[in-house]
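Okay, so here's the structure we're looking at.
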Amino acid sequence: MDIQGVLSRGLLPLVAAFGLVAVSAPAAAWEPTKPVEFVIPAGTGGGADQMARLIQGIVAKHNLMKQPLIPVNKSGGAGAEGFLEVKAAKGDAHKIIITLSNLFTTPMATGVPFNWKDLTPVAMLSLDNFVLWVNAEDPYKTPKEYLDAVKKGGPNSFKMGGTGSKQEDQIITVAIEKAAGVKFTYIPFKGGGAVATQLVGKHINSSVNNPIEAVAQWRAGKLRALCVFDDQRMPYKNKVTDTQSWNDIPTCKEAGIPMDYVMLRGIFMPAGVAPDVVNFYVDLFNKVRATPEWKKFMEDGAFNQTFMTGKAYADWVAKAETLHRDLMKEAGFLAKP
Amino acid sequence: MEEINALMHGFSVALTPFNLMLMAIGIILGVLIGVLPGLGGANGIAILLPLTFTMPPTSAVIMLSCIYWGALFGGAITSILFNIPGEPWSVATTFDGYPMAQQGKAGEALTTAFTSSFIGALFAVVMITFLAPLVAKFALQFGPPEFFSVFFLTFCSFIGMGKEPPFKIIAAMMLGFGLAAVGIDTVTGQLRLIFGWHELMRGFDFLIAVIGLFGIGEILLSMEEGLSFQGRSARINTRIVIETWKKLPKFWVTSLRSCVIGCWMGITPGGATPASFMSYGIAKRMSPDGNKFGSGVPEGIVAPETAAHAAGTAALLPMLSLGIPGSPTAAVLLGGLLIWGLQPGPLLFVEQKDFVWGLIASMYLGNIVGLIIVLTCVPLFAAILRIPFSIVAPVIIVICAIGAYTVNNAMLDIWFMLLFGVLGYAFKKLSYPLAPLVLALVLGDQAEDAFRQAMLISQGDVRIFFSNWLVGSIMGLGVLMLVWPLIGRGMAALRGRAA
Amino acid sequence: MEEKDSSAAAERPSGLSTRAAEIAIALFMMLLGGLVVYDSLRLGVRWLSDGPQAGYFPFYIGLFICISSAVTLVQAMLNKAAAKKIFVEWGQLKLVLMVLIPAALFVLGIQLIGIYVASAVYIAVFMIWLGKYGWLKSVVVGVAVSVTVFVAFEIWFKVLLYKGLYNPLALIGY
């Protein structure tokens, strides 16, 4: 274990959390007076849903909040439904929403009248990684070997599977195509689990699944991880397969694909809420992050545990929005006005 | 045998008083969830999942899977009593179950449904116990063309069997396909058929349509008979279970066929809903009493219930052994496994023997516990029909509204439910068939997705649907099912000439 | 599908004719079909090198709805017998509307004051007005159902149901 990593990732926020508690407790801080609705702009069983329900479980188990936290799935229209609802609930202190990249991609691709600026940013919980996977029976050991084969095979002969259309997986695919000068046939499926299975069954040639979606097949030796799309390697050094840890997977940059992409797993709430309401939730998520269950979940899913709040978070989101707009514009995914 | 030993070990894990208690609680909660339309198995488990974080994983999964069995059992209750399918896979159960209840045979219908469910589940569990690794590989063979072929087969085995005017059948089915297309297109991400109305983005959920068409539509129809109507004369007989059991063995062929269809659809993973429709359609085609289907014959309950339960159970196998959820409920359970710190996938059977075999043992026990609980309640359920209509009707409408809301947490859906109710009333009176509409709505977009994914793979070459033995033979079987009525007629004509 | 035998009411006095109902539904279906075709044309209805466009299938679906409904429409117009057959007697229609209109008001009530309160009121009113039950009994049943639902969903399953634009339960902290 990397002691400094533990300190900075685990203890510091913990200290910060206690600090906040100590400071805010005497001032009769705001607390929820009724159940808090936790909107999930995705279906049951997906990545965001899992994380939200884990948080609900942690909050209940460790008694972190007097009122219950109640997850509600509003997945319609690639999540637009959930976002529109939170947008409409201006000033509601009892509603929070967990986001994924569809915070940016859905309004851009469909033209639904919604932007993250309609919400109050609360906290970035983590960043989700993407890994380039191929079937373990295929001969490609490095990203370069694979992409050379794709180039040699000619345009559209290799199939990249992903979740949804004009969303993060397809954006990454287009970015790879640009960076490596190749052309895939992108095949959209409804969920990450289905994509991993299709890859094991060799119905597609590669995927950009999140670690948690493909880890089971990786451990079983059915899939091979070629590279991760973060700008640094994943920090987890415990062996996951017989020979490899998450940390052994090179970044795509060092393997010669000049691009990176991570997905936001963050919390927002409706606009027009008081600062001490936001502080309450920031504090709550700090406590959640300090629990062993959360830490285990982060490691199992090889998440990037960057945590941000306040202005830093808002700035990050603004930057991510510009990045998505550029990527989607280049790919021709923006909705026609 | 290795499996037997492992299973015995599993029983020793599952058979603690604490776990047995969890099983009973799980079944009862599951039945409740299954009865309330909208709050399906997947939602129910997602809702109760966080409560299990404090339990050991084996106990937790026992309780959650029992909720799942309970929901499978419970879906049949409202289908039979009120023509409201609590779960998508119970739609086919209404076709004969509701007429039976109308004829005063609710107890018999319920017993048939529960018993068939049990047999289907048992068959699937036995298969899981002994064939797990072998069967799991089969699921990997399924890419988009194979999925499309399964949907094709489902449609082929179901259509062309109605007595309604053909143009009305086409219109109703196409309306179902049209409704299924509303919302975001999976393949291109484009918004379809919403005309700028963003609330329509979520599309028309199958359950909203079903609750309206079947449930509300039925209440409106009953109203024509007037309010004097004081409840059905539900014969309440505590020995109804035994009496029904005596009649069931003669349906063994249908039952066996439905078990096979169900297991196959659960593993592939086509799911319980297509399994129930396909099984009903094929039973109708194959059975000597086929033309009586729809008027209230027990065989019309045996076929869909057996298949749905076999599929629902078999769907857990790919989840455990491959990490692919075979159904939405399995997907939520899968999330649960991850949260408890277990990794589903090929290694689960090796690394977590206690857990896996405890779960499999609990499938046997849970279904037995479930069967006992629901069968003892049959007279109680049947007695609900005795409550006067002027109390039951508003309560059903309230429950339907709640169900419609909980599917997507959307107020607008309640309005749509009401509209579908009016449509269902008019359609029934003008003999537009509802079954093809519902089937098209539930499978339409999945079939289209699979078709277009296959087209992306083959770059627009339709020959992909006959490119290997698996997809080719399923497609062939579909075509055979489509022309079966013609063959039957031809055979009859030949026989007539010979005589 | 069980069918209501519409010929059973052969001696009925007057009502909406089956022909009128057939024509109305067929026209309604044609309208829907037309909408589907219209939007499909926007989406693109061609078969490109990588398979059908988003509007390809919906286009034909819409077309089939229109064609089959047109056939039904023509059949209905030509069918003299259907003009005499009764779709629903006025008396029956009144009964149906006696359920349908309160149901619509109930849904409107949900929109305004939420599921719980609207349900209690709806069940009680339905029982008093149509069932001719006593006040006390009706109110007790209505409130009991509503409270059971509230406990089951809001407290037990922790599922939040719709509480309306003007949430009366805010008074008790929900």
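Chains here go by letter, A, B and C, matching the order in which they are written, and residues are numbered from 1 within each.
Everything below uses one rule, namely that a residue touches a chain if its C-beta (ideal position, glycine included) is under 8 Å from a C-beta of that chain, and two chains touch if they have at least 3 such contacts.
Predicted model, so just to flag it, every value in this text is computed and none were measured.
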### Message
So using the touch definition from the top, which pair is joined by more C-beta contacts, A-B or A-C?
### Response
A-B
### Reference subunit B; chain at largest CA-centroid distance
A
### Query
Per the centroid of Cα atoms for each chain, what is the distance between subunit B and subunit C, given in Å?
24
#### Entry: Where subunit A and subunit B are represented by their mean Cα positions, the distance between them in whole Å
33
### Task
Provide the C-alpha centroid distance between subunit A and subunit C, rounded to the nearest whole angstrom.
40
### Summary
For subunit A, residue numbers touching 2 or more other chains are 72, 156, 185
### Task
Please list all residues of subunit B that touch 2 or more other chains.
43, 185, 187-188, 409, 456, 459
### Task
Return the residues of subunit C touching two or more other chains; collapse runs of consecutive numbers into ranges.
50, 158-160
### Query
Contact residues on subunit C for subunit B in the complex?
1-4, 6, 18, 21-22, 25, 29, 32-33, 35-36, 39-40, 43, 47-55, 57-58, 61-62, 64-65, 68-69, 71-72, 75, 87-88, 92, 95-96, 98-100, 103-104, 106-107, 110-111, 115, 119, 122-123, 126-127, 130-133, 141, 145, 149, 152-153, 157-162
### Query
Of all residues in subunit A, which touch subunit C in the complex?
33-35, 37, 68, 70, 72, 156, 185
### Query
Quick one: in the complex, what on subunit C touches subunit A?
50, 154, 158-160, 173-174
## Note on the structure
subunit B residues touching subunit A in their complex are 42-43, 46, 49-51, 53-54, 139-144, 183-189, 191, 198-199, 201-203, 322-325, 328, 331-332, 334-335, 338-339, 341, 343-348, 408-410, 449, 453, 456-457, 459
### Query
Inside the complex, what are the residues of subunit B that reach subunit C?
32, 39, 43-44, 47-48, 95, 98-99, 102, 162, 164-165, 167-168, 170-171, 174-175, 177-178, 181, 185, 187-188, 190, 192-193, 195, 216, 219-221, 223-224, 226-227, 294-296, 388, 390-391, 393-395, 397-398, 401-402, 405-406, 409, 411, 414-415, 418, 421-422, 425-435, 448, 451-452, 454-456, 459-460
